[in-house]
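Letters A, B, C, D and E mark the chains as written, and numbering starts fresh at 1 in each.
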Amino acid sequence: MTAIDLSIRAAAAEIDLIGVTKSYDAKNTIIPPIDVTLRPGEFTVVLGPSGCGKSTLLQMIAGLERVSGGKIVIGGREVQDLEPKHRGCAMVFQNYALYPHMTVAENMAYSLKVAGVSKAERTRRVADVAKMLGLADFLARKPGQLSGGQRQRVAIGRAIIREPGVLLFDEPLSNLDAQLRHDMRVELAELHRRIGATSVFVTHDQVEAMTLADRILILNKGHIEQFDTPKAIYHHPASVFVAKFIGSPPMNILQVEGDGSVLRLADGQSVANYSGKGKFQLGIRPEDIVVNAGGSIKTEIRYREDLGSHEILETKIAEQNLRIAMPFGVEIDTTQTLSLSFPQARLHLFEGESGRAIANAFGDAQPASVKEYQ
Amino acid sequence: MVENARSINIAASILLAIGILYIVGPLYLTLSTASQSYEYMLRNGLAWVPGTELFSNMRKVIQDTRIPIQMLNSLIVAFSNALATCVLSFLSAYAIVYFRIRWAGVAFALILATIMLPLDIRVITTYQVAANIFSPLNAVLDFTGLNSLIEMAFGAPVQLELSVLDTHFGLIAPLVAHGTGTFLFRQFFLTLPKDLFKAARMDGAGPIRFLIDILLPLARTSFASLFVLTFLSGWTQYLWPLVGASTPDMQTAVVGLARLVPDADGQVPDFPMIMAGAVLVSLVPLTMIALLQRFLVQGLVLSEK
Amino acid sequence: TDIEFWYGNTGPVETAIKAQCDAFNASQSKDRVNCVGQGSYEVSMQKAIAAYRAKNNPVLIQFFDAGTLDLMLSDAIEPVQDLMPDVKWDQYIAGARAYYETSGGKLVAQPYNSSTLLFYTNKTLLEKAGIMQTPTTWEEVMDAARKLKAAGNACPFVTDGDTWRVLEQFSARHGLPIATKNNGYDGLDAEYVMNTTFAAKHLANLVEWRNEGLVRLAADTKAGNYTAAFNAGECAMMEQSSGSYAAAAKAFDGKYELTVTMAPMYKGYERRNTFVGGASIYVMKGRGKDEIEAAKAFLDFLRKPEQQMFFTANTGYVPVTNDVLDAIAKSDEANSPKYATAKVGVESMNQPATPATRGIRLGFYVQFREVFMEETQKAFAGQQTMQVALDNTKKRGDQLLRRFEQTYKGKKLP
Amino acid sequence: MSSDSSLFSHRWLPALLLAPMMLLIVLFFYVPVFQAFYWSFFLEQPFGGGSEFVGLQNFQRVLGDPEFWAATGRTVVFMLTASSLAVVVPLMLAIAADRKIGMSYPARNILVWPKGIAGASIGVVFAFIFNPFVGLMAPLNALFPGLWNPGINGTDAFVTLVAAHVWSGIPFNFVILLAGLRSIPPTMYQAAAMDGAGPWRRIFDVQLPLIMPQLFLTFVLEFTESITSVFALIDTITGGGPGGATRLLVYKIYVDGFRGFDLSGASTQTAILMVFVLLLAACQFYFVGRRINYER
Amino acid sequence: MTAIDLSIRAAAAEIDLIGVTKSYDAKNTIIPPIDVTLRPGEFTVVLGPSGCGKSTLLQMIAGLERVSGGKIVIGGREVQDLEPKHRGCAMVFQNYALYPHMTVAENMAYSLKVAGVSKAERTRRVADVAKMLGLADFLARKPGQLSGGQRQRVAIGRAIIREPGVLLFDEPLSNLDAQLRHDMRVELAELHRRIGATSVFVTHDQVEAMTLADRILILNKGHIEQFDTPKAIYHHPASVFVAKFIGSPPMNILQVEGDGSVLRLADGQSVANYSGKGKFQLGIRPEDIVVNAGGSIKTEIRYREDLGSHEILETKIAEQNLRIAMPFGVEIDTTQTLSLSFPQARLHLFEGESGRAIANAFGDAQPASVKEYQ
């Protein structure tokens, strides 16, 4: 997109949520007071289980839902009582929400039209955005004549055409097939680099979260479980909730008991050295488990999932599920007992009850640079 | 679908045939009677078989009665009624559904209550209002004692007078004061995806732009079907046009049609001519139905799939 | 001056009314009457009520016989005789006057389209069945009916059982009261008595005769309409308003011969006058002087013999002033079918009167007619005996009278 | 919209939008209705010559009048028979017309025609069709004389009225119900087909339950309609007879008020009717309306 | 599920499509004649881009769409003219298609009710299935009161409760979040093992395809691109289409020219030895590329995607995109030129024009058991 009319193009803005709460009715509080600051130009991905309040959060920022309490500050202005159109946000809706009676071009140009942008300028901008999104051939079609993927791209085009200071995405890629999804992801990253709007992106998809985010905000029943860079979230999950939520397949969590020197499973096997006493939860990612003849932990394979690029072994130890990721081609005899070891550096320890992470329980958890197999 | 639907399709065809017969039967009788002579009818009553007098009967209607002019009135009344009903219902449903107003429920209930008591029953009192649409205001002024104050101050009480009888407005307005349209539009609005509304707001559209750019185009088919249905009911209204207009030139075709039935019970009505009139008067609405038929079924779909 | 005249008739009568209005407007340039058809008496009256309350009523309004008392008590009308004292109101035949005059003998309305009940026979059919004389008594009528039936005629005598025909006109010509206080002329506290008079016997007879196949109701005819059934030759005899003559004559033309006489009596009863039917014209209050003057001019115009003759000739209604009757008698069309009913009609209305045959002055009378029809129809259908029907009618009728009395509490009959 | 927090929050605009409709409704509905209620507490002389406040006397009288209850009873019977038929017949037709068969296209057009025919002119035709001597029943009547005569027999007259009412009620209900049927997603049928339900069974298990909202709408409208709008048909076909067998409440009100100038009596009955209809509608909303709203 | 009424439970059946074609209108043929046999009890996953005819295929088997030509044989019976209910198939619809007016229990029991199964038996079976799907607490709810994931499970429950001979799934997991999706996948695999119906499963999801399928059928514009085991599809894709469709991120395809001894990129770099001449397409999976100082192929990193468990490097050689998957923790200097090598055994060669695979171009392509990094 070239030659942008700066009167419409907005500068990336900081977003501050200060004690924002939301409840739809007297009984249920969807979002307890939260405080969070999204830096100007930052790309924040919001992750969380269905119904945890992600869309609600976005809609409050956009001005489509009122806050029940607290303040929202965008670019230094308190906006919680402003109309959506005065907040400088654009949004991609979970279900597209395209205008069925307008053509693709009209859909995308509508916000410009409302803003009074001249027809020539609108046409030019639509052409630019359409080219970028691969929609140039469909400009004259109505949404009903488009495939799901194309519709989603129109929805994105509609949001970005205004080059707003804040871009809000509500699961914008959820309805695309894998390939398209991948392409769009790359496209979005590119786009973000170019227009630099402060972006908030809701998704259920791990890969999207890891690849797009500057920081990931993990929501659980309306409160923030962790808000940090993808790396930190992946390698230093702040709680069992986060640990189990990130990674595919997710981190294995084992219930262990510390006797003051080692951590033991229910069947008595010792799995790690640790000086704490009492109940703990021990986490290890499937890809961090080392399968080697010398491993002290024994398990049996129940089931194998072959994913082409790697393989997932479903095993059980001490009545608890344990998944192991193996690069493809490592030949394993499914019938025989497997010996495993858990590299100390890759272990995560969480409190037994609260599930909060215990930092540096086994020293620095940064992964070693090379991983070896048996 | 691969399935044996023969039995149900045959049953459905038979049912529809019976239904069509049921509908068309009386219409056929109308037409066959319209094509007989008065003398034939005097001896035989209405006719099961068509005769040859249809056009001469129609000519009689066209030449001897005001029905042709009255059809123009009918057209004005039915059309304006349909248009006003559609527009006003649309606006009121819009206000009720899309604005945060505390009294939306009350407003809706007030509007909905009108479908409970038809104009036919309140025609006497409605006439009184139409004879002077300021009479409620006058009554309020009298009742509250404001008028005596005014009288003291200005020497005479306020007694405004404006009769809408014998005007097109007077014929149309009481028909429009009806809640079915608002009800239908409200149901329709409620089925529109909420996100469409939100998307428009994100795009910066205010209430008026949303109304014109988004809602109106989407409601096009609902609009059309409500238009047809109110047009038809406006066209066939009898009692109010009869009461609300006095001069033949203001009355509607259906009223004119009823005038063909003599009141003195010594006379046998000229049914062939009346039926010919009925056929004539029904031509416009039937054409309307034929032309807009597809909207009738599409437009009222209460929930969009 | 422009004035409005509201009328309720439709069909050919409406055409004639309009012609008169046009003639009036053409006859002079001072006044213009705008004749507005309201489609029916009821609508016309309802609109007049509302319009009067809203103070934009017309100056002239036509209304039918049964509503006389309502208008009389309404305070909304100016008796014509007060307005136009100089008119020779006694030109109106007594039978017509009585219906519309106050206790003091003042006409409140100017009779307009007047009718009365007559007896119609299909002479051709009667002769075919061997009846050469038109029956004049009910006994003869039923004899004739039996003969007709024997001759294979399925519908000897037809009626619709309408209150006006089977009760009011029957009671009048037999000198029977319908209610006490001389049918209400002497006070609002009248009560119905028609269930105790000979009319009750006659009505019971009708039920029996119907069961015997001598009398048919409208619903028993092919045409579904008793006039049409008579006109088509399906039925041989009927009692019907004089207004029916024109249509019957037209339908019979060249096919049957029509005879019209006074309605039949029971043997042993002295014939009294029949009531005037149809409607009359009232002058309403609340309009300016010049409008009243214009209204008077129009009423004068309508009274003119040639206008009355025109109206009679075109509608079958009966002229009710003596000068017009004379004029007809003197004209060369005296025997034209146009005026056929005038003579016999007026004769019927001019029979000797009794205090009970002046007319009907009973409140909510239209509702009473409905009640009467409802109850007697049940009797015809065999759901109850005629006597029970009439007793019910009396009971419900009296309730109406009492409520009317209460509604007009403090008002006196003028 | 379930949550109101995302709505427009203007103050005067919604009032402005509602104003025209509200003005008309107040002027031409509420003022007249109020007037009728007002009269029901008075004995009112038609020309306004005087009116006496009588409190609840009118109500006492009307409620104590067996005729009123008879008319009410007839109204209820009519409501139950005619309006049920006026929904069921269009329903069956709509289900048939929803199928892809040759007949359905003409049917969708023709079945709407009655809406364009004035009630007054069609009444005469129905009277003729049901004439005992020349109408449809004539052959039967020839065999069994007196079997059928709507002019004499109240039940027959009632049946005639019902037939005419259903005839004129078909279009609106047909249109609404067909629209409802057409909004059922095709996968619903496919799912039922996979579950082994054939087209007949699907009528009851899928189609009817899914058009409940439309069915409800038509029933509510039809119930009030049948009580209030049969007026034209009664007037042209039976005139309330024979023996009052077809004198429904509306017609009685019309006759009392319109012909008999009994403004107070008619107003009182109007008031009672209005309360009755409102109660009925409220019951329908309360007992039925709540159950049929499920999300698709 | 215990004590199954065998009168209703059907044995797994073989499905044969013989010359089946489908066109909705005269102009477009959605499915050209295809022949395929699905073995009894086999779990077939159908993969293909949106609009390629997957749903159509399923619906023809189910009897919801007529075939335009050809025969469908299920369990030895020609069924193409039979009604759905006589084919012994059950189906899970893409959009659930639950009956909104029935409770969860009624939804699931409906087919049994139609079949005349007694009430007691129905209740018992519903309880069993609900327990298995974790729906026991929701039996009395209407679908409108369920979350997306719960709805999908009801749809599955409704299909399996009859224990049909053939189970058809049309993207049954597409609307679930990652975690639930994973759990359901395992559940479905388990279920399949237990009831053993011949299953056809349409999906857009790679992982589902790889893990669930006995064989994967890849559809492209209605024709079969490949029908083989997941392993074979992954390691021996029959065409460029298949190669690009499978794997996430997908296989890299490079346009090369053979001079009779080596294959060269447009910029002249040689990437492999091959004796053929002319235009070819060379494929290598991102995870098969070896990054080591000694590699002869040079490239520069444009962009990195950190997925936690591994990292994707987006690079370009000779103007063509090349993605490289790196296990996490391998430290790479993004600024400097990368040296790569393509292990010959991991290369795939395709014809230049048609894109058909050239078998054994570089000897057996079975991957070695161990993969080494620099």
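Couple of notes before you dig in:
Note that in this section a residue touches a chain if its C-beta (ideal position, glycine included) is under 8 Å from a C-beta of that chain, and two chains touch if they have at least 3 such contacts.
Please read these numbers as outputs of a predicted model, since none were measured by experiment.
Touching chain B and chain E at once are the following chains: A, D.
Taking the CA centroid of chain E as reference, the farthest chain centroid is that of C. Centre-to-centre, using mean CA coordinates, chain A is 24 Å away from chain E. Once the centre of each chain is set as its mean CA position, chain C and chain D turn out to be 37 Å apart. The distance from the centre of chain A to the centre of chain D, with each centre set as the mean of the Cα atoms, comes to 57 Å. Those residues of chain B in touch with two or more other chains are numbered 1, 3-4, 44-45, 123-124, 128, 198, 201, 206, 258. Counting only residues that touch two or more partner chains, chain A has 59, 64. In chain D, the residues that reach two or more other chains under the touch definition are 5-6, 128, 131, 134, 185, 190, 193, 198, 258, 296.
The touching residues of chain A, counted against chain B in their complex, run 59, 62-64, 83-85, 89-91, 93-95, 97-102, 110-111, 114-115, 158-159.
Interface residues of chain B, counted against chain E in their complex, comprise 1-4.
Of all residues in chain D, only 43-50, 52, 54, 61, 67, 127-128, 131-134, 149-154, 240-244, 247, 255-256, 258-262, 264-265 touch chain C in the complex they form. Chain B contributes residues 193, 195-196, 198-206, 209, 213-214, 217-218, 220 to its touches with chain A in the complex. On the chain C side of its complex with chain B, the touching residues are 6, 8-14, 36-41, 43, 46-47, 49-51, 53-54, 56, 115, 160, 162, 222-225, 227-228, 231-233, 240-248, 251, 315-316.
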